[in-house]
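Input: one structure, supplied below.
Labels A, B and C are assigned to the chains in the order they are written; within every chain, residues are numbered from 1.
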C-alpha cells in the first residue's frame, strides 16, 4: 500500500466550519462505525451528566439531614412506603435516604476522585517520562528504576500505605475533609508509572526525528523543545491510557472506600455506598447494594470499553 | 536496430489489469487497465514515480494486495494459466514455486529467528521433490551462486549476521531456490549503496540470462532500468504511459511524460545551470483529470487530450498512450 | 577568508554495550570512528558537496558543522570563530543564526502538530524577532501559496514539504545552509523542481551550501567543489569537471564506474569488489586497501595524506 495516496482533506471539506470538519474526519467516521464505542460513549455521557447535574436531577438532597425522614428507611424500589406512603424509584437505605439520589451524589465523588487522580498521575507521569526520555543518562536511570520498584507493589497496597501515613499525620477534626484529597494523591501516585513509561518510549522515538534537530539547531532550550515540540506528539497514547486509567481509578477508589479507608460515610462515594449496602444484602434489602454496584459496573465498563476502542482507533498499525 | 522477437508464449502476461480500492470517499483506482508481457530470459523494467501504481501492479501479480484493494477486472496469466482467480491457498503455493519475490527491505523476507540455510531448505523441500541432504547441498550452491563468500560456513548464520547487501543476496537466493519461472523484484536496490547496487544488478542480470528466468524489475531509478532492463514500461497515475525496448523508450521517448522524466534527471542536463522540470505534480488518485491524466502538465496538450476517454495503448501493439506523441523521425 | 574552515575534524562514537554486558562478556569498549581527521574549506557563495556511501561520515560532518554534535577532535570555524571554543554569547548567537539545515526526510522534519506558519517562523520567533507576514512571504518565495500558512504538514506532498523546510531554513536569513540529502526521498521530477529552487535561492540570497548526498549525478549538477568520503576519511577533493572526467583516487573511480548510467544500455562492467569495512575495526593504513586494485604493502601500513594531484587533492600513495 506504499503507493496509495490518502484522500486529501481539502477536497472533502472545502471551507466548512470546524465542527463540520471534525464530523467529517476519519476519526469520527470510525467512531460511527463502531457500535460498542457509540454505546459506551452514550452510557458514559449519561452517567457523567447525571453526576455533574446531580443537584438539579436528584429528587432529594441525601446530605441534608433536615430532608430525611427515618420513617422512610428501607423503602422498596417503586413501592409506596408502608408508614409515610412516599415512593422512591430505587428505594431508600436504612436512614431513609433515597438510593437514586445517593447514587448520583456518590458518582460525583467517585468521578471527581477518579478524574483528579488520573490528572495528577498524568501530570506527574508525563513530566517524568519526558525528562527521562529527552535528558537520558542518570536522570533516566533514576526515574525508571523508581518506576520499576513502584511497579512491584500492588497499587492498592501503595494507596493504602499513603492513606495510612496521611491518616496518622492529619488531626482528627480534618480527617473527613482530607480523606478525598488523600484518596486522590494515593491513587494518583500508584498510577503515574504507566504514563511515564509510555511517554518516555514515545519521547525516545520523537527526539530522534529531524524536526527536533531543527529546533535544537536554532537554539531552542531543552524545556521548550520538550513542551512545545515533543509533548504534542506523545499525547495520543497518553489519552488512551488516561481513559483506561480513569476506569481503574474509579474502581481503586471504590475498593479503598469499600475497605473503609476511602470516602467517609458522610460523603459517600459509590464504593462507600456498596460497603454500606453489603450489610443489608442478606436481610432482604438487596437494592441498597445492587443499584450502586450496578452503576459502578456500568461506569467502569463503559469507560474501559471506550479506552479500548480509542487505543485501536489511534494506533495506525492496527488499521 | 532490430529486436529479436521471442515467439514462445510469455511467462507472465497481464491483460487490462485494474485494481480498485473502495474508500468512503469513492473508489480509487491505483492500477487502471494495464497490459504487459514478460518473456523467458527477459527483464521488464517497470518505472514510475511514487503513486504511479507500479508496486501495486506487482503486488496484484503475486496475490498480495492489502484489502480493501482488489483486482477489479483484467487477467493475469502465468505460463498461459490464469492466476488472478486462484484461491488463496493455491496462490500461496504458486508464489513459492513459480514466482520468486525480492522486496526493497531484505529483512521483511527473512525470518530473523531461523538460520538462512534452514529457510532455504524449507522452501526447497516444500516445492521440490528432493531429500533434506540434497536440499542443504543446493542451499549452499544457491548461496555460492549469488556470490556469498564462504557459503558452506555462512549457511548456518542468522540474517542479522549479514550486511544489507549480503542479506539482499540471501533473499535473491531464497527467491531462486525453488527454481521459479518469474521473479518480481520491487525496488531491490533502493536501500543499498551504489557499489552494492551495481553488484546486485549484475547478479540479477546474470541469473536471468543463465536460467532463463523472467524478471519484473520495479524501480523508480531510470539508471538502473537503463542498465538492467531489456524492455521498459513507464507508468503514470495508474496507467501505462509508454512501453517498449529500453533503448528506444529511454533514448528517444515519444510520450511527453517519459521525455520530461528523462530530461529532469541531473545527468541529462549536464553543463546546464537549471534542470529541466515538469511543472506540477502527479495528480492524486481521487482527483484524476478527465482525458489523459498527464494533460495538465504536458507541453503538447491539445483539446482532444482533455476529453474522455483518454489515450490508451492498444492491446499487444502500440508504444505510447498519447494522442500527440513526440515525432522522432528526424531524430532517429 | 573562507566562510567555513574545517580542520582535522574527528568524531568518535562510543557504541559499546552497557558496562554490565561488557563485564560479563569480557568485551572491551567499542569505539566507532565516524569521521577521521577531515579538513576542508568552503568559500562564500559556493556549493561544497560531500559524497560517500553509508557509513562514510558525511552526515556526521554536517551535524558537527551546525553544532548538533560536538567534535571529538579538531575544529569547525565559521568566519574564523570556533563555536565549540567561543565564549562570547553574542558571537555564538550571531554565528548560529547564520547557519541553517535542510534534512533528508521531509516527513520527519516538520512537526506534525504545528501549523506551517509557526514552523516557518520558529527560527525567528525563538530569537524574539518579528514574524508577521514572514511565513506567507517565504512560502511564496519557495513556490507555494501564502494561503498554505494555515495548514498542517500532512496536507502536503513530499516535495511541497521539502519546500516548507527550505522556507524555514531561509527565515533567519542565514549565510550557510547544510543540506543533508535534501532530495533523496523525492521523485525525479520533484527533485528537479527542488534542486532548481535551491539554485535560484542561492543566487538570490547569496547563500553558501554544504550539500551532502550519496547521488553522484545530483552532486555533479549542484557542486562547485566536491569532497569524496570513504569510511570517515576525505579521500579526494576536486571541482566537478576534474572529478568526473579524471577521477584520481581508486575509490572515486570505482564509485563512478558503479553508478548506473542513463545511456548504459546492457552495460556489462565488472561490479565493484567487496564491501565497506566495519568502521569499528577499520583496516590499517589506507581504509580502501582491501578493495583497491592498486594496493601495495605501503597501503596496508601507512595512511595516505591529501596531496595535490592535477588540480585535485587526493589521499592515495599511487594516484597521479
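The definition used in the following text is that a residue touches a chain if its C-beta (ideal position, glycine included) is under 8 Å from a C-beta of that chain, and two chains touch if they have at least 3 such contacts.
Bear in mind that the values here come from a model prediction, so they are computed numbers and not experimental data.
Taking the mean of C-alpha positions as each chain's centre, the chain lying farthest from the centre of chain C is A.
When the C-beta contacts at A-C and at B-C are tallied, the pair with the greater total is B-C. Chain centres here are Cα means. That of chain A falls 53 Å from that of chain B.
Chain A and chain C have Cα centroids lying 50 Å from one another. For the pair chain B and chain C, the distance between mean C-alpha positions equals 32 Å. Touching two or more other chains at once is no residue of chain C.
Contact of a single residue of chain B with at least two other chains is seen at positions 50. Shown for chain A are the residues that touch two or more other chains, namely 8.
Taken together, the chain B residues at the contact with chain C in this complex read 49-50, 163, 165-166, 193-199, 201-202, 205, 220-224, 226-227, 246-247, 250-251, 260-262, 264-270, 273-278, 281-282. The residues of chain C lying in touch with chain B in their complex are 53-54, 157-160, 187-193, 195-196, 199, 214-218, 220-221, 254-255, 257-269, 271-272, 275-276.
Those residues of chain C that touch chain A in the shared complex are 63, 66-68, 93, 96-97, 99-101, 103-105, 108-114, 122-123, 126-127, 155, 165, 168, 172.
Against chain C, in their complex, chain A makes its touches with residues 8-10, 209-211, 213-220, 224, 229, 232-233.
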